Amino acid sequence: AGGDPAEAAPGVTDDTVTIGTHQPLTGPAAAGYSSISAATTAYFAYLNENGGVNGRSIEYLVKDDGYNPANTQTVVRELVQDDEVFAILNGLGTPTHTSVLDYLNQNEVPDLFVASGSTSWNQPEKYPWTFGFNADYVTEAEALAQYADDEFAGKSICVLGQDDDFGDEFIEGLENVLGEGSLASVQRYSVSNQDVVAQIGAMQAAGCEVNMLATVNGFTALAIGTAAKLGYQAKWMSSSSGGDYVTLAGFLGEAAPVLLEGFVTTNYLPYAPGNEWDDLFRQINDEYNDGAPFDGNTVFGMSVGYLFAEALAKAGENPTRQGIVDAITSGDLVGNGLVPLSFGADSHAAYKGVSITTVADGVQDFIGVTYVSDGSGGVEPFDGDAVPLENDGLPTS
Amino acid sequence: MNHTPVGVEPGSTAASPAAASAASAAAPRLRVDRLTVRFGGLTALDDVSFEVGAGEVVALIGPNGAGKTTVFNAVCGLVRRAAGEISLDGASAANGPTGLVARGVARTLQGLGLFDSMSVLENVLVPLESGTVRRVQHAEAAAQASGCLERLGIAHLAAVPVAALPYPERKRVALARALGTDPALLLLDEPAGGLGEDDIDALADVVREVAASGCSVLLVEHHVDFVMGVADRIIVLDFGRVIACGTPDEVRADPRVEEAYLGIEPAA
Amino acid sequence: MSAQPQSASPAAGTGSTATGARAGGTLELDGLTVGYGGAPVLRDVSIRVPAGAIVALLGANGAGKTTLLRTVSALVPVASGRIVFDGVDLAGVRVEDRARAGLAQVPEGRSVVAELTVDENLRLGGLQRFRGRRLASAVDGVYDLFEPLARRRRAAGHQLSGGERQMLALGRAIIAEPRVLLLDEPSLGLAPRVVAQIMAVLRALRDERGLTVLLAEQNVTSALAVADHGVVLNLGEVVADRPAEDLRTDSALRHAYLGF
Amino acid sequence: MSARTQTPRPQTPRTAGPLTTSIRAARPGASARRPTSRLLATALVLTLVAIGATFLLDPYRNYQFALIAATFCATAGLTLLIGLTGQLSLGHAALMAAGGYGYALAANALTDAGVDGVPRFVVSLAAAAAASALLGLLLGLAAARLKGPYLSGVTLVLVIALPAFTAVFSGVFRGDQGVQIAYDGVPPALRTLIAVEQWQAWVAILVAAAVVTWLAVLRNGPAGLRMRAVRDDETSARLQGVRAGRVKVLAFTASSIAAGAGGAVLCFVTQSVSPGAYTLAFSLLLVVAVVIGGLGSLLGAFLGSIVIVLLPWVIQTATGALDLSADAAQRLTGNLPVLVFGVLLIVVTAAWPGGIRAALPKRLRTKRMPRRGAPPMQTSTVAAAEPATVTPTAAPRHPDPEPRTSPAAEPIPTTTER
Amino acid sequence: MDRLLFLLATGLARGAIFALFALSLVLIWRAARVVNFAQGAMAVVATYVAFAVTGLTGSYWIGLASALVAGGLMGLIVERGVMRFASHASPLSGVIIAIGVVMVLQSLLGIAFGPNARPMEAPFPETPIVLGGVPVLSPYDLFVLVVAIGLMGLLALIFTRTSLGLQLRASAFAPEVSRLLGVRVARMVTAGWVLASAVGALAALLLVPTELGLNPHSADMLFVSAFTVAVVGGLDSPPGALVGGLVVGVLISLVTGYLGATVAPIAVLGLLVAVLLVRPGGLFAATEARTA
């Protein structure tokens, strides 16, 4: 694979580039995530309508893996061997994608912009073909901890985390900043049990005032809702993976504006009312995605599509697998984030920083506080600018 | 009409082990001593003692629910004894699920208990290849099984699934299966039930032959003519107690047996 | 069968003379042919069971007795021929509706409901006919009749001895005061005394209520002792249809048809 | 039979000599069993055919072939368990996982110790068998006491608890992520000849062949006979000297080893094992495979494995070909295969209770698995003499006058291959 | 101590819902001798109906009534439509068909409504009453407990005291004999399914407000927990379902509270194995069958 420009790369024809992904479209995990690939598809439809990349339109094959690693392996092989895709884009989930890491790297298939905040994707030596997308959980936690330390000094801080790597890495990040053993209560939940009364009750009993959440959207809502039922008031701060206001409001129903007032989370993508990217994505969503509910997932999915298009454009007239990887590691990609992309020869992480958002009067917006990783177990403030919108979101080479 | 127990005390002449074994040889094959079995509040067997000698045919009769099948179950270890001893050829059996089956006791069930998914031959092979009854080689087991089928006149049915057989043949398979292991003691639970007169006669011949070859037979049966015809000795149970014991003629003449079991012949 | 607690004798205990007790019905089988897919098991069988009569259905193992009784209850479909109950053709009438109309069967093989108690089995039998108090006293009537059952009324069906089950199956069938009773080898596994008693009960029911009985039996002697009529099946065909008296007394006839 | 005539039957033993004395001498060598050698020969031929077939397939089909072979290990074990002993396990996914983890942990330890290639595979496979055997043994001990849905309940909860086990002992099992192992390429000698997927298919086929042949030999031998005896009537089996508890434990353990081998092969093919791959849904799918293939039949298990591996893919491919709006496409993509699968499941179960296998032509059916029984010659003589008695479809017509407890309290009545 | 009390109360509230759903499994088991794997999916369909009706009318109680009706209807449709084609020779066939029904219903729901959860309101406050400084049961929890206990009592009464109950049980145990005794077996089996599905729908409806919201998989874990509960209690026993439900609910709550959520499934497995090793037929098993 790759290398010889004379021979067309797999999945590339004169007027198309075929790429694929694995996503949970069915099963219990579908609820939080199935809208991402739809948004990406919509962005590609917009892009294709406007001439595609170097005259090639992008075909995006979305396969359902039901969040089951065994299915992931099957559908990814199908994409690579049967559908002969050029690259895998935005495969979703840590356990699912972990199971195809070796396969994709052995077969030298570009494995781009994995949808998960695990730090595993950033191992250029071991996995030269794999690149992450999300700001990783450790960085997110460090930023939230730093923010809490700045804003709510002296309050007792606790955490509720999922009982897997998500929770582990998040807790690691919190302790990096706050110090080992400084959390007043550490609670874990298991996705198979939608009852967190015991955990929230424990946090209440421990007198927690600021609660950090390493939770997916559903469990963020569950935690906040349960606390409300227990008559327990606290400050809630959550990872971006579970901090999307629109989604949370969907779970919490009518009480949402009250319960979520002051809710803190992070983002590294331009998801805010009035932002020019946001406006563009809303237009695309209306036009190419049947006006599906617009939320953080939509912005995420379209941003992924944009970043891929940009990388493809940078890979030149005759893109090859090696070529697109080179384009990414060249460090020339800009993306559309609030912090600069970190891609380079020795970094396969996309975003190493996040901005803080809060909810005020039912609106989730940035408050102008942004942190980036200082590379040594902490974060530092960042005051650069977000990437501006250019050329109607159509990348040029 | 009223089934109050007749006044036979345990240890009274008729029921004492000594009397029960009077007709048998010196060393009894099966010895049941003061056996008691309870199910919750129900005392199904109450201090039952008797013996079966080598090559002897003993019948166990009595009203329905008297405890006959329960005696078999106790011997085979299917029910726990509340009290009492059971021994085969002088060695007593543990009061557990193993019972005497592994030691040369074969039994037919009141409900046959055939393995319906199997052929006739396979049914007969099961005890031979059970891994506990006798350690035989496969070839030998097969030979022994087919030989047994031949003895009972069902060799030509060897490959037929038992589920497809008529009732008399099914009963024969059950008998063949029990005989296949060359048992020291054979327990037959209602072997004649559901059979026509011809088959019953044939059965009686088989029982006599088995006994003649030295195997002891203990049987439960309600077909009085059959019992009287084959049994050397009869033990009568009522309400879990031995109420009479003796030769067929003695038992038939016993008024307590008449009252509890035989009843009035229907007026023709 | 209804509330007659004072009745002491088995006959009086079952053969209620109370008003409302149902009289027997007639059963006619007309050219019945039945099979299980292969060759027919019953061939052109015609039998008439008049109201208030006991007809013994005799024949060796496999003659087709069970098949015949099951066909009458619609458990086996009819290939051709008719089953007429009190002048009504039963074609198309379902099993449970035949039972409700008074056609009761005691199936072969002591089929009690193993998971229900003795008491519940009996109540189940009487349910379609009585409710409440009357049902309770009908159940008591059966206990009077089969004393071993009374001792085991709380026992589950599966705990019973073989004979106890047979008694239960029979008691459960007669409790609903059927008009025609189909019995499949009721004597199987019963002590001689109980067999005699059952035959006496049948006769009493016939005498007092005019119950109609079709009785399949291996036990030819006891069956003929109570029957008015004997029908002999051989290989699915009726080979003899005679008054019981003839079969009982005429040894030549018995030899010809029953082999002894 | 005799009842068909009024004359005394010819075969009554009335005239026979003393019964028990001459039995041992009768007809030496009249074995009812097919020789094991023939079974092995059949297995060898089928394995070679399967290996040959891999040359006709492209890499992705070979990968699917390997998946089918791995699934077949598990379904073969399961069909034996359900078909021969009547024990319904909903937990075979967990047993596969045990094999997968056993394989992965052993393989990683060996890699660290510098072992690789075929020796690493063989030793790891043995470790997988040992791990699954241990879990199967424990389950079997419980199974020996439990019946019907109670056993199903325990096995079901075992699958549900699998992710919890991997999370609690995440130091060893690595939680949700699961354990990854080093890539095992084509051995150097074959490297120029075949692609890695074909090599994986070969390994999967060889393991499946070994496992299934072993199960077939087991079923064909005394152990199989005892299992069927226990399933048909446990009390009666005990009275024939069969140690019912031991037989059940053995069956569960054997079935578990087969499942574990399947898990090991899956781990070998995909270089990873994780709890998310062994869900309740997958466990149920294994049962589904066994049932729609035809219970108790190894051929059925194979057909069922093909169905559960290929059908979702076929349907998904078919939906992909439809031209749908984005939203509709998304809702249908994942759900339509499930819908079609469900409908098919219902229809097959209702219309062909014997499974796909029963719907095949007879010739195909009987070839694969010889079964116990007398030589066919004897059968035909009987058939000629007494057609009615050999109809294999006949149910027991004279119900044995015994207590009938509820169907689920008794072993699940199933048919074995005829 | 406070913590223990709190966890006990939480567990009881949860356990009541398990018990209710387990009761529906017990009902079908008693009526048809199948473990109905589709019970959860059927209940979710009924809950969607309730959701729609409540949305339209604004009344929780009309929604609840419609869930009961829809649940019963689902029972009728599934029993008459597919279950009766299950081979009676093998109980497995019923299980497989039920699994097929799960797939069909869940995929249809997924196609019709998508995977997202819809929040549902509880009819009573879910804020716990504070007793001596400890928050214990909320009015809604109490409502659930009362419904569970009341329904259990009612059903136990129906089964043991009425002729309908007797006929239901007999039909399940011995259909042929029951028909010979004049019992309309087909009707009884259907009645059992209708009753059970309505109870199942009620349980799911009561569960959803305490969870994330309504989606096609809302009852997946409920089914698993309830099946465990039914097995622990003894599949044939309505009181077993109640006791089992409360025991499992409290166990999960205590283990989650003291040892962590991750350990809970292992604890449930441990409980199940322990109970069944001592009583292979569940806590409230009938006497063991005589076998010879």
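Lettered A, B, C, D and E in written order, each chain numbered from 1.
The rule is simple: a residue touches a chain if its C-beta (ideal position, glycine included) is under 8 Å from a C-beta of that chain, and two chains touch if they have at least 3 such contacts.
Treat the numbers as computed from the prediction; the structure is a model and nothing was measured.
Going only through chains that touch each other, what is the minimum step count from subunit A to subunit B?
Steps on the shortest route: 2.
Mind naming the chain pair that shares the most C-beta pairs in contact?
That would be the chain pair B-D.
Which one of the chains is farthest from subunit E, going by Cα centres?
B
Report, in whole Å, the distance between the mean C-alpha point of subunit B and the mean C-alpha point of subunit C.
Here subunit B and subunit C have centroids separated by 30 Å.
Can you check how far apart subunit A and subunit E are, centre to centre, with Cα atoms defining each centre and the answer in Å?
Here the centre of subunit E sits 38 Å away from the centre of subunit A.
Rounded to a whole Å, what is the gap between the Cα centroids of subunit B and subunit E?
48
Rounded to a whole Å, what is the gap between the Cα centroids of subunit A and subunit D?
Spacing between the chain centres: roughly 42 Å.
Would you please write down the residue numbers of subunit C that are in contact with two or more other chains?
Residues 60-62, 107, 111-112, 114-115, 158-160, 162, 166, 188-189, 259 of subunit C each touch two or more of the other chains.
Give me the residues of subunit D that touch two or more other chains.
In subunit D, residues 1-3, 160, 163-164, 167, 235-236, 239, 334-335, 338, 391, 394, 397-398, 400-401, 403-406 touch at least two other chains, as defined above.
For subunit B, give me the residues that contact two or more of the other chains.
Only 69, 76, 78, 109-111, 113, 166-168, 193-194, 196, 198-199 qualify.
Looking at the complex, which residues from subunit D come into contact with subunit A?
Subunit D residues touching subunit A: 58-60, 63-64, 67, 160, 163-164, 167, 175-178, 180, 183, 197, 266, 270-272, 274, 276-279, 281-282, 313, 316, 320, 325-327, 330, 333-335, 338.
Would you mind writing out the residues of subunit D in touch with subunit B in their complex?
Per the stated touch rule, the residues are 1-3, 8-14, 16-33, 222, 225-226, 228-229, 231-233, 235-243, 372-376, 378-379, 381-382, 385, 389-392, 394-398, 400-402, 415-416.
Any idea which subunit B residues touch subunit D in the complex?
By the definition above, subunit B touches subunit D via 76, 78, 97, 101-102, 106-107, 109-119, 121-122, 125-127, 129-133, 138-140, 142-148, 150-154, 156-161, 163-170, 177, 179-182, 193-194, 196, 198-199, 201-202, 205-206, 209-210, 212-215.
For subunit E, which residues are in contact with subunit D within the complex?
The contact residues of subunit E facing subunit D are 29, 33, 35, 37, 82, 85-87, 89-93, 95-97, 99-108, 110-111, 114, 172-174, 224, 227-228, 230-231, 235, 262-266, 268-269, 272-273, 276-277, 280-282, 289-292.
Would you pull the subunit C residues touching subunit E in the complex into a rising list?
73, 75, 94-97, 99-100, 104-105, 107, 111-116, 120, 123-125, 127-128, 131, 156, 158-159, 172-173, 176
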